[in-house]
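The letters A, B and C name the chains in turn, as written, and every chain counts its residues from 1.
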Amino acid sequence: MQRVDEGAGRLSRFRSLFAPLPMLQRVEERWFWFFIAPFLVGFLLFAFAPLIASFALSFMEWNLRGTPTLVGFDNYADLADFDGKGKVVLKAFSNTVMITVVAVPMQLIIGLTFALLLNQKVKGMALFRMAFYLPTVVAGVATAALWRWILGSEGLVNKALEVIGVAGPAWFNEPESVRWGIIFMLIWAGTGGMTLIFLAGLQQISKDILEACECDGAGRFQRFFSITLPLLSPTLFFNLVIGLIGGLSLFTETYVVSGGGGGPANESMSVALLIYRLLIRNLDFGFGSAVAWLLTAVVVLLTIVNFRLSKRWVFYDN
Amino acid sequence: MKGTSWRRAAAAALAAGLLVAACGGSSESPAASSELTTDPVTLTIQIYNAGGQAELEYRQAQGADFTALHPNVTIKIVQSSEYIDALLPQVVAGTAGDVLWTDTDTGFTQFAVAGAFEPLDSFIQADGYDLSPYPEALLKSFQLDGSQMVMPNSVLPFNFVYYNKDIFKAAGVAEPTSDWTIAEFVDAARKTTDKSKKRFGVSLAWTEQYVAWMRMYGCELSNDDSAATEYTYNGAGCAESLQTLDDLSREAVMNWEPGAKFGGLSAADSAGEQNFSAGNVAMLISGTWEAPAIIANSAGAFEWDAVSVPVEGNGKIQGAASGFGVSASSQNKAWAWEYVKFLTDIEGQKRDAIAGYNSSPISVVLDDVYCKTDLLPLSKCEITKIGNAHIALEPIKGEWSAGFWDVVSAGFEEAFTADEQYDWQAHLDALVEQSTTAAPLQ
Amino acid sequence: MTTSRARTIPMISPRRVAIYAALILFSLLFLLPFAYQLGTSLKTPAEIATGTFTLFPAELQWGNYVEVFRRAPIATWFFNSAFIAIVGTLGATLTSAFCAYGFAVLHARGSRLAFGMVLLTILVPYQVLIIPEYIVWAKLGLINTPLPILLPWFLGGGAFNIFLLRQFMLGLPRDMVDAARVDGANELHIFVRIILPMCAPALAIVAVFHFIYMWNDFLRPLLYLPDPSAMTLPVGLSGFVNKFARQWHLLLAGSVIALVPLLVIFALAQRVIARGISIAGVRR
């Protein structure tokens, strides 16, 4: 995406930002801003002001009554106070990270596997695809009831475990198992979306390239790893980024499972749930905003790292 | 792109923050006249969806009755199921309507602290409104910093112990009466438990009922004293009550969620009425509203009745109170007050009691209406009287901290689900310290 | 040398059997929750309450569906949900494709920064944005209108969608674009005539995702459409389960009804996604 020679030093690159552009580039630039315009308007109207306001609030103390009082870095200091207010923040982060680190790779692997499975020429494929996408779609208002049925003390999963002689825990009611229950929910509900995206990516890969390789006698596995996977890398990258962001922003599942409480014993407290509770239940807008910005910082950093690393392994057909 | 724009950014941030604050705080009261205008007025009444469509229609009919008395006033009812989530943004934006329902369990604290309600003291004084029928404790639970925020309309004591007569008979335990002791209660629970049949002696319908359990032993959770600097939930009776509860939970006598690890949660993951109706629990501790569901769901499979939770010494009974208040963002506060009175005075409570929408804090209503209806074949009247007589409700203590509650609930859950049983006294001491740090009293 | 075995798997082979077995197994697994919802919606309240672990009851209570319509303005909620989802999805799909084109195909200084803002929108927890956003709409007096819910999707179409389409467009071959430019076509023309058709499968995916998201969205309609006549399905259905009357059978019947359009949309979208193969395949 950069027109500037990669070999140029930073300073000359910086300077070149202000150098007059050749005509074609200027025209292209204007088109760019034209196409981006709707997003910019939306961003300014709906995101910018609230973002600024919430950032400002993180340096204040406010419970919706009267005017906020400036407290400087107190809220941020509280984040690190692991015996006091910071204890639950630490717990929330550790829960969220653990769940993300386990669930997202599973979603990716399973999603890709399913997409490969669904990319075959088999009769009735449309029906199969619908079935595979059902989990993502099915929940809605009935989520809580549904998951109690799947992961209750004598729910579907435990009954299945019984068959192989394992006694399953009371998933959502025992502190040790509640996070695993949530991971299960995430894999179940999130894989469908990834599958679909992988599928679209797979179908985009030109038949010509694949057939050419079959001519040359390459085996199926070799074909997969040296041709398909690299061509699929933009899609994989997208799913990875979105998966990680989604994992770190985990809210709905924890809310449904704990009734909004984050229990038992804060074991199902995700960072987003904590923010929600701080803002809406405790009316602690100052501290809540600080936690929100901490989460944002973490996610931003992670995404930047992702994008930087992507240069090494993502292959765009340019 | 340095110095000046940093300052500009900071100024913008401050401005934005103040903008939110200014728009957010309670709007200046519009001509707060105590004059009742004769111009056409529409009052919006916000209620919580507790009774579904039936309740909506009932409240609408109630509004129509008011309009019959005051033709220039139209009543519009808005029903929300996620009450706090839906209303809080409205409160902040100043568009919350004219009359708000509230409940000590469902957001009164947050709404009061957020400035959702218009203090009623001036209205009460101007009208010379008689508050004597309302019990002191009830009025207090709806005050903030001494100001009356809400008029109570109903109180629900959670002291109903529904018991399965068949199970008691089979276990050879005498049926309970409302004057029984805690020891008898605990004993009965143990005797009617049958682990092999996955049958429990007693159910606590929801986890936070440990508060009710603690109160039964006379433990006080918070205090009235606005000068206090320490939380009081490790006073007399507290450790003992929690120790007993923990024992029962680990013995799988008590059917509730924290007991899941020890076999103390039903197969259906239900600690509520459903499990009682299915005949798996000898006693269910809950409130009066369970009865119709039990009748419907048990469908005559066993005989049952109810008594009050044992009341001994300083023991108190947990309950929730609900009521209506005038919204601070109302444009017609005088009329809103009239409607609040309409809903919560003796006549209003009688109507709600007959329709089945409340228990009542006013003894006159209790005796005249409640105890005279025979909607249910239970000694509901007696139990309610006991409940009302010993009820304890949370007073708001200054900036009541939900933060304190977060520490307590997490700490309790941790202890109840720990592999090894905790020493509750030591644990309570530690929690008090922790909550005082995390949520300092002011 | 190339046999036509390249695309067709021989009729009976271990591979084909394995594929079919896997497909059927997983499909059944994924159908279970739907079967559960359907089955429970056909039980009586007593059967649900006492929690018997059977998928379908002995007697199917189709009457529950009649009762749902009687008890609540389901048709109204359905219509409201449909209106919002359709309009919102149209807006989001087209607008996000429009913006994604800029990010994927066009070069400009500051494009990195702009894309960073797109990502920032996804990264910030939305709990933080809810209340200020609500205040703005309330001050504008637009509560109880669909505008607060719909307008954001016409202004950018959603950062997630932009991101997805951008990634997709980045994977498309550039030579057609360059050729068209040489021929003198302007960017708008390229966007509409060349890129958009090539994106058909991705657009279908965006549309499906977005429709489902809007159809199931609870929070925004809760805040902005509280009036009973303006309510959407999820908000309306949540009223069936409350403190005094836990009417699970009605809630589940309602959610099965709410599910049907999603299945239809998905089936329709399948055709477009499948069609996308032939378009992408016929190149060069």
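Here, a residue touches a chain if its C-beta (ideal position, glycine included) is under 8 Å from a C-beta of that chain, and two chains touch if they have at least 3 such contacts.
None of these values were measured; they are calculated from a predicted model.
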So which chain is the furthest away from chain C, centre to centre on CA atoms?
B
Looking at B-C and A-C, which one has the bigger number of contacting C-beta pairs?
A-C
Taking each chain's mean CA coordinate, chain A and chain B are separated, in whole Å, by 37
Chain-centre distance (mean CA atoms) for chain B and chain C, in whole Å, is 39
Can you check how far apart chain A and chain C are, centre to centre, with Cα atoms defining each centre and the answer in Å?
17
Multi-chain contact residues (two or more partners), chain A:
49, 53, 154, 280
Using the touch definition from the top, which residues of chain B touch two or more other chains?
20, 24, 85, 88, 92, 267-268
Could you check chain C for residues that touch two or more other chains and list them?
131-132, 238
Under the touch definition given earlier, write down the residues of chain B that touch chain C in their complex.
20, 23-24, 49-56, 78-82, 85-86, 88-90, 92-95, 267-268, 270, 273-274, 277-278, 289, 293, 296-297, 299
What part of chain A is in contact with chain C in the complex they form?
1-3, 17, 25, 28-29, 31-36, 38-43, 45-47, 49-51, 53-54, 114, 117-118, 120-122, 126-142, 145-146, 149-150, 154, 156, 159, 193, 196-197, 199-201, 203-204, 206-208, 211, 214-215, 231, 234-235, 237-238, 241-242, 245, 249, 251, 271-272, 275-276, 279-280, 288-289, 292, 295-296, 299-300, 303, 316-318
Can you list the residues on chain A that touch chain B in the complex?
49, 52-53, 55-57, 60, 62-68, 83-85, 87-88, 148, 152-155, 169-170, 172-175, 261-266, 277, 280-284
For a test of understanding, state which residues of chain B touch chain A in their complex under the given definition.
12-14, 16-22, 24-26, 84-85, 88, 91-92, 110, 113-115, 207, 257-258, 260-261, 265-269, 399, 401-403, 406, 409-410, 413-414, 416-417, 434, 437-438
Complex contacts: residues of chain C adjacent to chain B
45-46, 49-51, 71-72, 130-132, 134-135, 138-139, 143, 219, 222-223, 226-228, 235, 238-240, 242-247
